[in-house]
């Protein structure tokens, strides 16, 4: 028996937002009389961190601390329309809508502050800690809270803003497929190292190294969550998952988490990640969206690593021990390729 | 109609309640019956439970150990005298399942479950049944062949031999998922040696037939021979004989036949899986 | 371990920010670790009823008779819902963006097209009572031949899965059975190539497997409205789908969600909300409909399988000169969202590379299996697997390092992409370089010096001359009425004008409708 | 229809109620006692989202017949804080970003608590074993394993 190690790589890009655009999202931002802001959305947080990333975008745009912003989602009576949480559109589309709404709210806030400080709004700036002051004269300052009180009770202004973001819908040429599918793309390259047992066809993933370019890491911890979890899902898709193990024959479909295979906590491997940030010109602070593309390079990188280890190409997913073993036997044994 | 739960102190009463009602199921640790109820199995109208202490007994003093059917895998793992059964017990479920699942229930677990039973089969397991007729012992092998007909009987305990030495008994579950997954193949081998030769080998396989079975051809290949590479090779070559694996979501019949010998060879020669 | 490579593209960023770029704690973390984050199923309403759906046991069959009389008399049953009870028992999800024809009933009426298709919904006081009643529903099937393979489904004489699309393919631009991509001349490219490699790839159907299954709770609210707690990934998408199926104004519904126990694309299809609301309407009681795990795994829509053929022409020096791709998306018995993924996939070709001749034909194919839907990387994941395995084979074929092979062919700023838009803001080369560095995978100096921002455009910006294929006229537009809407008071579908208005409606998504408030009738 | 009386301790509080035959503990906790911290993920014993401690040991509440907890102590995530103070595991999960959708988190935390209560200084392998019956579809497990180890070391140094 022998176990053979091999390395493989893959590089990918991924379109951000619904293909062809036409997928709007709206946001409403308003302050309460104490200068605490609420973002109202109908967007969904299914774990990807929608509430958290839009909260940071809103705080950054308003120029207030993140603690002073709360994102409320999702309620169709209070949250304005959003297309939904899919197609890696949340950060880009909803983020832009929140940014637009926060900009409008900031404009009112600065006007209200200017009235209190008896200066022009264009002479004011926020310090990001809850205060607004005259540029170059930090002592001529008023807190956001006092501005909110003044706006509500003295000036009769709503510190609020509306935002929408829409990439106009593109046509598709029926004959050539000419179209504008997306305005920006995320990128990735991943190297996987595997160990293949040439008597059983079993494949273990030993380690992964990767580089992901995602515009801007608006919150690096959330990015890390997506990339680590996404790579796990990619490995899962590559080696384990299927609802029809004998596809296209529909027999033996799994009914539970024992029959439906996903790697367990004992199957995971070290994964070193580099994040690159080439800001998207139309992304909120350049952000694109790491959520979906992170799994994609893992599947082919593992398949290519298996070839490097034992010289067989498995072109059907998932790459089960059976498929590997059949291929090794058909080839007359493992044929390790040049070590990379 | 909600399910009726009947709890009895005495085993005999539980057994007769079970045998008199076709819609009754015996509830052990819950991992099988509660699952069926949760999934809306309306064929179960009555759940029978028994609190008899006999179900909880562990007698590990003699050459044959006896374990009550209601003993959980967690309790097996807590019992130092049952150390030879620990690998099998540990291969089942996560900790929560081991705190619930019982030795008796495992006898009825459909594929890909039922790994503990494979270990018992290699250790000359016997099943103590309480029926309307009283208590009787049935060899595990015979019990498994007619498992469905025992639906009305109540398993009180199982027993098995204590292996001659720690090295004489080996158990391994081949699963896709680590540390816990359903069985691709489960293997257990009891290899008593006398004068450097294997005598009375018993090898049991899970997931190689509708229930756990013995690999009798592999046993014969080892009988009377030293446990060396040649004997192990012969046993590995014969491992698939008499088996009848099927395709399921974890592996195909082809794959199981193809690798059962590999895994048996590795188990017998002390190699990692 | 995550490392931020701030040194790369630093000149394009303003990093002087207060909140953005910080690893701030998630807003929802405290809720998550204390178990106080509220998911749809954490709402408990007084007098709640439960739904269990009777599903088809056959892959393809005519329904001769559905007998619910015994089930209706079963203890605890408050209502048995059949297809005829659904106000508009025919829908396609993307009708909300005016894309595709209504092809899927909420409850099957005269035919089932996949094993597990809902036929009858039982509403009862307890799940046990619903299960007991469901077991008493008698369905008399007349089996029909099934087709499970995408290429078999396209052959003449294959069983018709879904009468809305009699040839088992979705219709693009009202004339084609697939989406085309044409850029340059692949035949000429192959003729001039040093090597030509054609390969077949197969992706499997995959379950989203979120730990929270699909479900919803609907309840009568004040003023004739209904409140709906839901696991949906797209609140208004689901709300508008329900408004259409139940034929009610969208403001009848108050949808509440937003905290969802994982989705990955599996909670877009609005699987439970229409029946939960309808049950609440018919009983006047709160109703909960949650998929069990086996239902979710077997009959919840998977990521659909894809079969992909790639034929490449490559030069000895590593340049790919032609790439031809044929892809088949297995949509299962109904369209759901696969039609959309096909166009997205076509736009993705030929991957992140600049190739002068590209030819793509992508099909959305109907088979007798659980309808497929979106999943993380929708339309792309399977194609990327095929493309990047193919890239590895090509590099091996010409004896080139796979990293360098990617860098050589990578698209760069200013290049023309196959869908005829300029590449901008590209970063593939830098990702390959950094990944190689991290993995200690040696690449040659000249490849380490290449950049996405250099040497693109110019000749690479041109749209190559592309041979015209004879354009097919639009087939007779058929918003085909299928037999399962008989007996329903469907508003008549106005026949589309024989010539669609200019400009070309593209893939059909000419405008959004219901999501903006006015529903197309 | 006759119901069965049932008494047990729920997070240190005695509760008494009547249950239908065949009811599982998860339904009792969620629907009857309003403790929605244990989650329904499968009803099959495969996901661990409903994990609770019964007399200190991890059990799957969806597979536990309600009658089986008569007289016993049931602990859920709702009971592991000390007053307003988070349990070290809760803190470690938060600090380690070990939750995304949050749905598996209550079961993970209870499985981890069952481990640390018996074995305050587990190895990585023991942590992996302890959560092996709990499915997480978001995180890839690594942050969860690290969080349990971090909680153990924070308790050791506290």
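Things worth noting here:
In this document, chain identifiers A, B, C and D correspond to the written order of the chains, with residue numbering beginning at 1 in each.
One rule holds in what follows: contacts are C-beta pairs under 8 Å (C-beta built on N, C-alpha and C of every residue); 3 or more make two chains touch, one makes a residue touch a chain.
A quick note: this is a predicted structure, and the numbers were derived from the prediction, not measured.
Two chain pairs, B-C and A-C, are compared here, and A-C has more C-beta pairs in contact (counted per touch definition above). Mean C-alpha position of chain B lies 44 Å from that of chain C. For this pair, chain A with chain C, the centres built from the Cα atoms lie 18 Å apart. Taking the mean of the C-alpha atoms as each chain's centre, chain A and chain B sit 47 Å apart. Chain centres here are Cα averages; for chain C and chain D they lie 35 Å apart.
Across the assembly, chain A contributes 46-47, 49, 221-222, 224, 228, 230, 233, 253-258, 260, 262, 264-266, 271 as residues in contact with two or more other chains.
Of all residues in chain C, those that touch two or more other chains are 25-26, 28, 126, 128, 209-210, 259-264, 292-294. Within chain B, the positions touching two or more other chains are listed as 1-3, 38-39, 179-180. Viewed as a network of touching protein chains, the structure reduces to a complete graph with every chain in contact with every other. Every residue of chain D that touches chain A in the complex is listed here, in rising order: 42, 44, 46-47, 97, 100-103, 127-128, 131-132, 135, 137-145. By the touch rule above, chain B contacts chain C in their complex via residues 1-3, 38-42.
If you check the complex, the residues on chain B that touch chain A are 112-113, 176-182, 247-252, 254-255, 258-259, 262-263, 266, 271. Taken together, the chain B residues at the contact with chain D in this complex read 1-5, 7, 27, 29-31, 34-35, 37-39, 47, 49, 74, 93-97, 99-100, 179-180.
Contact residues on chain C toward chain D in their complex (touch as defined above): 25-26, 28-37, 39, 41-42, 44, 126, 128, 208-213, 259-264, 290, 292-294.
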